[in-house]
Structures are given as structure tokens and as C-alpha cells.
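Two complexes follow with chain A in common, the first pairing it with chain B and the second with chain C.
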Partner chain A sequence: MRKLRLASYWASACGGCDVAILDTNEHILDIAAVADIVFWPVAVDFKYSDVEAYDDRSIDVCLFHGAVRNSENEHLARLLRQKSEVLVAFGSCAVSGGIPALANFKRREDILNRVYRESPSTENPESVLPQPHFTAGDITLDLPDFYRRVYALDDIVPVDYYLPGCPPTPERIWEVFEVIVSGQLPPAGSTVGVADHSLCHECSRVKKEKKVKTFYRPHEIIPDRENCLLEQGLICLGPVTRGGCGARCIAANMACRGCYGPMPGIIDQGAKFISTLGSIIDEDRVEDAGAVIDRIVDPAGTFFRFSMAKSLLKGARQP
Partner chain B sequence: MDVFEPKIIGFLCNWCSYAGADLAGVSRLQYPPNFRAIRLMCTGRIDPTFVFKALAEGADGVLIAGCHPGDCHYTEGNLNAARRYHLMMKVLEDFGVERGRVRLEWISAAEGPLFAKVIRDFTEIVRALGPFNQAAESGAGDTVCAS
Partner chain C sequence: MKRVTIDPITRLEGHGKIEIFLNDDGSVEDVYFQIPELRGFEKFVEGRPIEEVPRIVTRICGV
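Our next item is the complex of A and B:
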């Protein structure tokens, strides 16, 4: 059998998805047995020019991690789409913007100012900002354009499969590899490596009536290991989040952060969670409920932590 | 220059505020035509997704109107709506949505004049805020939008 040609690329990503692939442990050798890696910047020394020289659609499967934040990310998204038979949005950032897309709450100018001028550890007396083009003598240097907002991969190019997670768990990654090798591909556009039920369905904790009087941040309490974390006042996105991860965070006594994305049928994970949380606050007087709500720190960033680029509003309105 | 005519979507509960709107109509009370009513059985049915979707798809303002606290046909659906509204407004603030664009009102079936007044006031507030126009502005200038 011909070996698969496999590519893996990181755009606006942390590298955790690449580590997750390595976390398939000894299976990585099985992957190497059936696939040739033709592009994987974090592990193998190929250049962009090598990819440009490949025939169109000559890469069998490309795992694309990371959101699209700048013109380099967009260039590689388009290039890898052109060179790949199957393009997989791998990890929450590629699927729905992930953590990088939280920057959509801010304007580009505010981000650059904060990072290059205002942050306490920055010393920039001449107030220099990075420029896309810089000329010194007869040399011109180019940097990618920093876009006004962060996009998911399928905002830029058509995507064949979605594998959410921050990062996807090694078990799910291996299952997806097995499917790819078998050639029994699911219908294009499918979300793979997930369950169709909510995280709560696979969470083994005891669930009773949800009535909460106070919400806590994770460092403020040590929750017990028996009962529902949401009922203990921790903001757990389980009710609106797709299962499939095996509830690993829950097993570590951490509330769900929502990285597997919205349950099927939910249009906007963050908006839906407002609905969930609003209805379990155990205060009937509007003012008392308001006091409970006002103690929640950064609700927008918490509810839209991984889904911003694919949310209905996609980011803060730019004045 | 033409006066900006905002689009306002209203989610009205069947038992109080929709009846209040009906009363305003049969009483021939005047209010601006910028308002589009959507009837639900209860404000407790309102998923914040409805409001986000309305704003994302062209509404400049959203009104949620239901029974006064204590009067809910389903006992406490309107209290759920009030809690969700409070939390949603905190979230919408971070999305750059001005407080005046999304409004919660309690309007009973007997309060036709109040309904007309709320629509008149709200229309002028949203008119002053200007178009919401989320989609056109958020990615302007990026090459991905040009291609």
C-alpha cells in the first residue's frame, strides 16, 4: 500500500496540538509506519518553498492547527488547502478561533499598544510598533500583516473535517488516524473525534437540582470530588459543551472550559451558556440575582473562551 | 441627509406584553413603525441566542417585554428572563453593544399606553445610537475580507 502523505501545520496556535499528536505515545510509530510526514514545522525541517513545489492535492491529509490571525497564517491556509486532498481543522483554534480569538474583544490598535507600549515589562522609549515593511539601505524586511480580528480556518478556506479540543485528546486523535488509514472517511464537513451528547452526559459526578447562590473562581474553593461542579458554584460549561474528551478536566477537579465546542444544535455556545447560568441562580428578587451576577469575573471571556470566531457576533463591535 | 430608521426586534410574551401591544393597537395609539414584534409564550422562552442573532443579522435594537414580576402566567418565567438579561448585558458590554440597544420592560395586558410610550422612547434612543452594523465593520481592512 502506498504510504499516506501527511502534513501538520501551526498557524496562530500555542503548539499544544503538536504535543497532543506526540502524546499518542507509541502510536506515533504506527503513524510513521503508514504515513510519510511531508511538512511539520515543529518537528521536521521542511520549508514553505518545499510545500509550494508539491503538486496540487498531493498531500493526503493536512492537520491544520491554529486560528488565522495574520497574513502568513492566511497564506499557509490557502497553500495547504491547494496542496491537500483532505484538510482537517485540528484543535479549537482552527475550528472556532480558540484562545487567540479572545483578542476579538479588543481592537487591533489597542492590542498593539498594550503589547508594545503599555505592558509593565515593556521598555519602548521611542514608541516603536512593528511595521509590515521595513527598509534599511537596500534591504527590505517584511512581517506578516496583523489582521483586525482572528478567524477560524473555515472563514478562509473550505475545511473537510473538524477535530475540536484544546488540544484534542490523544485517544480521539488516534481514532481519527485509524479512520483515515482505513479509508472509511465520514461525510465531508463532519466534526470528528467527538460525541453527540453534552459533557454532563459523560461526567460521573452526582447531579441534583441546580440552584446556585454564589459563583467562585477556580482558585477560591477546593470543590469536593463527588458532586456537580456547577452546583458547587464553579462555572462549568459542561451543559452546553460537546462530550468526547472523556471529562478529563472534571477528573482533575477542574470545571469544563468548553474546548470541545457547542453541542449539536447550539448556534452560539457562549450565548447559550448565559441562558444556562441565568436560570440556575437561586435568587428571585432581580436585585439579589444581579448582585450574584456582578460577582462573576469576565463572563464574556469565560463563556466564549474557545468559540469566539464562530460566535454570532464574532467579536466586539469596532467603533 | 435622511433620518436613520433603526430596525427594532421585540420579543413579547403572549399573556402580557403582546396583549398590551394589541391594546395599544385597538386604542389607535401612535408609535413609530420601526418595531417588529415576535410573540413567544413567555419571556422565559427567550434564549440570549435570540438577541445575539438579531443583532448579528441586522437589528439595531432589541426589546424584551413580559409580565410584571409576580404576574407571570407560568409563575416565574419572567424571573428567569430578568436573570438572563442581567447576565447578558454584562456580556454584551464586552462585545461593545451599548446598554441602550437591548432593553427589558414589564408591560401588562392593560398597559397599552405604556407599550406605545416604551416603543416611542426606545426608537429614539436607538436612533440616536445609530446603526449597529456588526458584520460590515468587524473585519474591515483584512485581506481575507477583500478576497
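Our next item is the complex of A and C:
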């Protein structure tokens, strides 16, 4: 059988997805047995010019990690779409913006100022900001354009499959590889490497009644390991999050932040959690319910932790 | 002036690009190392509760 031509790329990403692929451990040898890697910056030395020279659709499967934050990310998204038969949005950043999309709460100018002018560890006496074009004599250098907000991969190009998680677990990644190798691909547009039930369903904690009188911050409570964290008053996105990770944060006694994305049918994970709160806060009077809500320190940054680029609002209003 | 572009630099975490400029005798005249990426953690952790920061900044580098 012809070997698969496989690419893996990181756009606005941390490299954790790449490491998760390596964390399939000895299965990486099984992957190497059936696939030739034709582009994977973290591991092999192919250049962008190599990819540009490939025939269109000659990459069988491209695993695209990372959000689209700048014009280089967008260029690579378009290039890899053109060169790949199957394009997978791999990891929360590519699927829904992930952690980088928390920047959608901030203005572009404020980000640049903070990073290059105000941060205490930055020395920038001439107060310069990165410029898309720089000229010194007859030398011209270019940098990508830093966009006003972060986009998910499918905001830029059509995507065939979605594999969420920050990062996806090695177990799920290997299952998806097995499906790819079998050639029995699910319908285009499917989310793969996930369960059809919610995270709560695969969480082994005791669930009684989701009724909450107050919310706590971690330093105000020592949560027990047996009972539902949300019922103990810790914000947990389990009810609106898709299962698949094996409830790994819960196993560490930490509440879920929703990296596996919303349950099927939910358009906006954070908004859905807001409506969940409406049903679990155990107060009848509006003022009392409001007082419970006020105990949540950073609702937007918590409920939309991994999904801001795909939320209905996309970001904070920018004057 | 001859220009040699290394893009991307590979087998490390993150994005990098190197531009080498050679003069007429083929010696290196100038080298620029560029980091064509920014996410802005320095800004977007502002407003997040301190206990959440370890769950956010772990995504600066996952390698």
C-alpha cells in the first residue's frame, strides 16, 4: 500500500498538540510505518518553500494546530488547504481559537503596547513596535500583520474534521489515526476523537442535585474528591463540554474549563454555561441570585476559556 | 547582495525566520533573526483570576 503523506503544522499554537502526537509513545512507530511525514516543523526540517512546491492535494492528511492570529498563519492555512486532501483542525486553538483567543477581550494596540513597551522585562528605549515592513539600505524585511482578533481555522478555510482538546489526549489521537489508516473516514465536517455524551457523563464523581448556594475560589475551599465539583460550588464546565478527555482535570481535583468544546448542538459553549447557571443557582429572588453570580470572578474568561473565536460575540467590543 | 532565507527554523518550539545577506565576495554582511509570532499573554492574562493563570500560561509553550 502507498504510504500516506502526512503534514502537521502549528500556526498560533504552543506546540502542545505536537507533543501530544509524540505522546502516543510507541504508536509513533506505527504511524511512521504507514505514513511519510512531508512537513512537521517541530520534528523535521521541511521549509515553507518545500510545501509550496508540492502538487495541490498531494498531502493526504494535514493536522493543523493553532489559531489564526496573523497574516502568516492565514497564508499557511490557505497553502495547506490547497496542498491537502484532508485538513484536520487539531486541538482547541484550531477548532475554536483556544487560549490565544482570550486576546479577543483586548484591543490590538493594547496588546502591542503591553508586550513591547510596558512589560517590566522589556527594554525598548526607542519605543518601536514590530512593523510589517522594515527597510535598512537595500534590505527589506517583512513581518506578518498582527490581526485585530484571533480566528479559528474554519473562519479562514473549509475544514474536513475537527479534533478538539488542549491538547487532544494521545489515546484519542491514536484512535483517529487508526480511522485515517483504515480509510473508513466519517462524514466530512465531523468532530472526531470525542464522545457523544457530556463530560459530566464520563466524570465518575457522585452527582446528586445540581443546586448551588454560593461559588468558591480554590483558596476558599478544599474540595473533596468524591462529589461533583460544581455541586461543591466550583465553576465546572462539565455540563456543557463534550466528553472524550476522560475527565482528566477532574481526576486532578480541578474543575473543567471546557477544552473539548461544546456538546453537539450547542452553538456557543460559554452562553450555554450562562444558561446552565440559571438553572443551578438555588435562589428564588433576583437579588439573591445576583449575589451568587457576583461571586464568580471572571465569568467571560472562564466560560469562554477555549471557545472565544467561535462564540457568537467573537470578542469584546473594540472602540 | 545575495539573500539566503531560512524559513521556518525547525525542530524547536515556536516560529522563527533567519535572513542572511551576503556581499559580493560571498561573506556575510548582515543577519536578521525574526520571530514572526505573537500571542500577547502579557496582556490577555490581565483580568484573569490569579488561580487561573497557571492553567493559561502553560500554553505559552507546550514543548
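To be clear about the criterion, the second predicted complex is superposed on the first by the 316 of 319 C-alpha atoms of A that agree within 3 Å, B and C clash if a C-alpha of one lies under 4 Å from a C-alpha of the other, contacts with A are read in each partner's own complex, and residues count from 1 in each chain.
Operating definition for what follows: a contact is a pair of C-beta atoms (placed from the backbone, for glycine too) under 8 Å apart; a residue touches a chain by one contact, two chains touch by 3 or more.
Bear in mind the structure is a predicted one, so any value in this text is a computation, not a measurement.
*Asks:* Applying the document's definition of touch, where does A:53 land relative to chain B and chain C: first, second, both, or neither?
*Replies:* After superposition on chain A, A:53 lies in contact with neither partner.
*Asks:* Touching A:138 in the superposition: chain B (first), chain C (second), both, neither?
*Replies:* After superposing on A, A:138 lies in contact with chain C but is clear of chain B.
*Asks:* In the overlaid three-chain picture, which partner chain does A:105 touch, first (chain B) or second (chain C), both, or neither?
*Replies:* Both partners, chain B and chain C.
*Asks:* Output check: A:206 vs chain B and chain C. Expected answer is one of first, second, both, neither. What do you get?
*Replies:* After superposing on A, A:206 lies clear of both chain B and chain C.
*Asks:* Could you tell me if A:69 is touching chain B, chain C, both of them or neither one (first, second, both, neither)?
*Replies:* second
*Asks:* Which of the two partners, first being chain B and second being chain C, lies in contact with A:129: first, second, both, or neither?
*Replies:* neither
*Asks:* Does the superposition put A:166 against chain B (first), chain C (second), both, or neither?
*Replies:* Second partner only.
*Asks:* So in the superposed three-chain picture, is A:301 touching just chain B, just chain C, both, or none of them (first/second/both/neither)?
*Replies:* both
*Asks:* So chain A touches chain B in one structure and chain C in the other; where do those two contact lists coincide?
*Replies:* 105, 298, 301
*Asks:* Along chain A, where are the residues that touch chain B in the complex?
*Replies:* Residues of chain A touching chain B: 68, 71, 74, 104-105, 145, 147-149, 151, 155-156, 266-268, 270-272, 274-275, 277-279, 281, 283-284, 286, 289-290, 293-294, 296, 298-301, 303, 311-319.
*Asks:* Enumerate the contact residues on chain C facing chain A in the complex.
*Replies:* Contact set of chain C toward chain A: 1, 6-8, 10-15, 19, 21, 30, 32, 34, 36-40, 42-49, 51-52, 55-56, 59-63.
*Asks:* Using the touch rule from the top, collect the residues of chain A that touch chain C in their complex.
*Replies:* Spelled out, the residues of chain A in touch with chain C are 10, 12-19, 41-49, 69-70, 72, 98-100, 102-103, 105-106, 110-112, 114-115, 119, 130, 136, 138-139, 141, 143-144, 146, 166-167, 217-219, 254, 257, 297-298, 301-302.
*Asks:* Taking the complex as given, what residues does chain B use to touch chain A?
*Replies:* 47-49, 51-53, 55-56, 69, 76, 79-80, 82-88, 90-91, 93-97, 132, 134-135, 137-144
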